[in-house]
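So, here's a batch of structures to check.
The two complexes that follow have chain A in common; it is paired with chain B in the first and with chain C in the second.
And now, the complex of A and B:
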């Protein structure tokens, strides 16, 4: 292999296309990481079943469409609600008994993920499934030399919408005050009338719901299969850890990671770009283990 | 009795920390909980709030049985808690910290009660300041304001004058006295300073090794008892 096979020289038009692909990737990683950010950032729980909540969202979309003929757009909010409810059940039945034991939470949520994967495989089989999206989302928008599939613009917009919604919920609502109070000091929050157990349950449900809606979104982009969660959860975890478990940390990190990946893979290739990105993250975390914006070393 | 504990034993994990506690506070009175370090004063207050692992026995707040109630239900039953170390949420502003108290209100009102601002002009002028940047005395004022925002019947004050500059101690003391005498709040006060306890309280209990060793009206707190249980 010569150097020229490995290294693509700079050219403006394809480079700008690459930047736009970067934005699209960033929005996908952001959506995948959002629920995880909320659950890790507020509850300190590392939810190993996050990828499987994404997978469940995709399967719920497929079930609604394949068996009941629901249009794809309607499946998005339903996936949010259904996976949110499943998340709530998982929190009530399992995780709330383990808050004092973080390592056990890790193991237990991993167990939950295996149960989900195998149940789906048993019920629906392991073969990939496909979703039909509306016609207007199948088109490609052309601006000069830039080509963007409209579904990617849709996902980008929805990602920003979900971040906005989450921000409103966390920083502008009464529920958000309760969540942030429990986050800082659970005993104090309880001492002032906040039912911290209920807050944890609803927070986990909301995080799971976000995973569900992201799975529904991804179903319009890629195939659906029982192990699909793995394909999203690695980047999601990197976004959350690098972002310090904070909403705006995740937003910034997803943007930076998406663009860096896309630029590296423009000059080289996907595999090498992934390698460089992961190495850079490891180096970054070596010097700022608390994440991108978090000011102090205070960690849970 | 506005607050009553009957034969209460309280546990951290499986270990009983307090045993067979009988305490009551009359409506409008102030009860001083005295004792040396580590005898269980803070645990008694935490037991009332439901912050220990579990308790047995029987407990009533304002006539309501709360023996098996969770912490948030006890606060809603009318207990305002001013913890040792003050328990201010450092990332919240002064305003948010006070509003935190309103979640325990029965009327669901989400505004700062006028009394808080009137009692603590400094807080009124610095509502948007981060609570973590306040001094110890200011944080104590904030902790009291937050407890008042719950619209309480009883205030639990756990060593309110501990670690506070001497000139501010007078101020906090005056505030506590006013809350009891003018506002008519019932108080449970843990104290190391006998002088403060004598000035503020109607009754006292002395704790020793997780049990109540002595009790009485404040006039019965003789120097002899002080020497026996409280002098280092």
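And now, the complex of A and C:
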């Protein structure tokens, strides 16, 4: 392996293509991280089962399409509702007992993810499944020398749409005011008559629902299989933690990470790019554990 | 005055540890020497070593590391390189075959030191420790704790997994390295299907456990437990918290590294699976289920869970992860101290027959 094979020299057109791939990648990481951002940012819960919520969303899409013949677009909102409900059950049954022990939520949700993966494997088998998307999403849009599959543009748009919706919900709705109040001081919020337990349950359900819809979206892009979630959860965590658990922090970090990954992998290759990215994030967190935008944070 | 629980009596603890390892050492004598059973038991020994490292770092040091696999995997690769070079001939056949298929024409420089078994062993053990010291300095000087450490170790593990996978000419990528011959050191061959491998594995486990126990009973052990319980207070009392955390983290790395070396002697194989995220979290599950606050509990958890997995039989293999996941959820929810905590509670009803000896009672009542 010579240095020449390892290092791709710079050329404008493929480089611009790489930048566009980076944007698409960023939108995927953003969608995967969005639900986690809400859950980690508001509740401080490290939800290791997040990848499995994504997987469940993808499988719900597949079930609806394979057994009932639903069109793909209709599966997206249904996945949101169903996975949101599953998330609500998990919060009610397990997570609300562990708010005083944040590290234990990490472990308990890992147990949840084991159960989900193996249940799906038992019921539907371990082999990869495919999902059919509408014809108009299968085309490839060509602008000069740039080729973009239209489903990636769709996902990019949907990602921004979901961020916008979440922003409206958190900052412009009555529910959002309650969530942010509970986030700042749970006891104080409760003494003002906010049912903090209910707020936590709904927030977790909303975060899980976002994971479900992202799983449904990814199912149009890649094959689905029972342990697909693990492939998203590490990146999603890094986006959330680097973004400081804030909505716009995640937006910015996903963009930066996606572009950096794409540029590194343009010059070298995918795995080396991932190595460099992960190491850079670890070093970044050493100097800014509070995240990219947050000014300061109480050390826990 | 609190009731004296036999569980906290150091004399009883040492008696249990010594008797338990003594009994385990006799297994090949009693159970006959079926080579495959002994090989499997030796593997359980390594799982015990890994759980021990988690117990020290997390249970006593309060650092939840999801990256114990980094030390395990690095050491495993170092050991595999050492064993591979024992097989290669410096004159006729100096390059391992997987390198030839990857179009390497000379042995890479990083592989050169592994010609010498002793140098190889030192590197296999030393590199993970040096890495853990540097990584620990990076994290603990920034006063990172809790979930951040968990996520950072996870990310670092993911990074190394990718490297092992991708550096195909050096690590044989996905296929992994399988040294053809058994490990030889100082004129002795360690046959991986014999009583000897069992005793090697158990010996390392026992030595590390007893040394860790001694360490935890020293002043150092008291300080790291104080840091675990309240790091701010320990800092105000004048202790250099980061220093102690780095040392605990690196010691945990050393224990996991020794586990990795023994592992490769047993299985004669290493692949990126040693660095898988799934594996590293599974180690944490073993320790948590057995009881992270007890060295013996954690080791017991590792051996018990793996033995259970082997003996539930093929018809339950499919549901195994559901069982494991459920047990883990129940343990985290209701038994934060694992089975050891349950045992601690049960034995508190048994009157302590030993005479009181203040200096000998470890301060674990909390």
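What we mean here is this: the second predicted complex is superposed on the first by the 297 of 300 C-alpha atoms of A that agree within 3 Å, B and C clash if a C-alpha of one lies under 4 Å from a C-alpha of the other, contacts with A are read in each partner's own complex, and residues count from 1 in each chain.
Convention: contacts are C-beta pairs under 8 Å (C-beta built on N, C-alpha and C of every residue); 3 or more make two chains touch, one makes a residue touch a chain.
These numbers come from a predicted model, not from an experiment.
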item	value
First (chain B), second (chain C), both or neither touched by A:238	second
First (chain B), second (chain C), both or neither touched by A:174	first
Chain B versus chain C as contact partner of A:106, first or second or both or neither	second
Touched partner set for A:83, first chain B, second chain C, both or neither	neither
Contacts of A:252 with chain B and chain C, given as first, second, both or neither	neither
Partner chain in contact with A:196 - chain B first, chain C second, else both or neither	first
Which partner reaches more residues of chain A (counting touched residues only), chain B or chain C	C
Doubly contacted residues of chain A, that is, touched by chain B and again by chain C	none
Complex contacts: residues of chain C adjacent to chain A	64, 102-104, 138-139, 142-148, 150-152, 154-156, 158-160, 162-163, 165-166, 169, 277-278, 281, 284-285, 288, 318-322, 324-329, 332-333, 336
Chain A contact footprint on chain B (complex, rising order)	49-51, 70-72, 75-76, 81, 83, 87, 89-92, 96, 99-101, 103-105, 110, 146, 150
List of chain A residues in touch with chain B within their complex	174, 177-178, 180-181, 184-185, 187-197
Sites on chain A touched by chain C in the complex	1, 46, 94, 97-98, 101-104, 106-108, 110-115, 117-119, 121-122, 230, 234, 237-238, 241, 269, 271-272, 274-275, 278-279, 281-283, 285-287, 289, 299-300
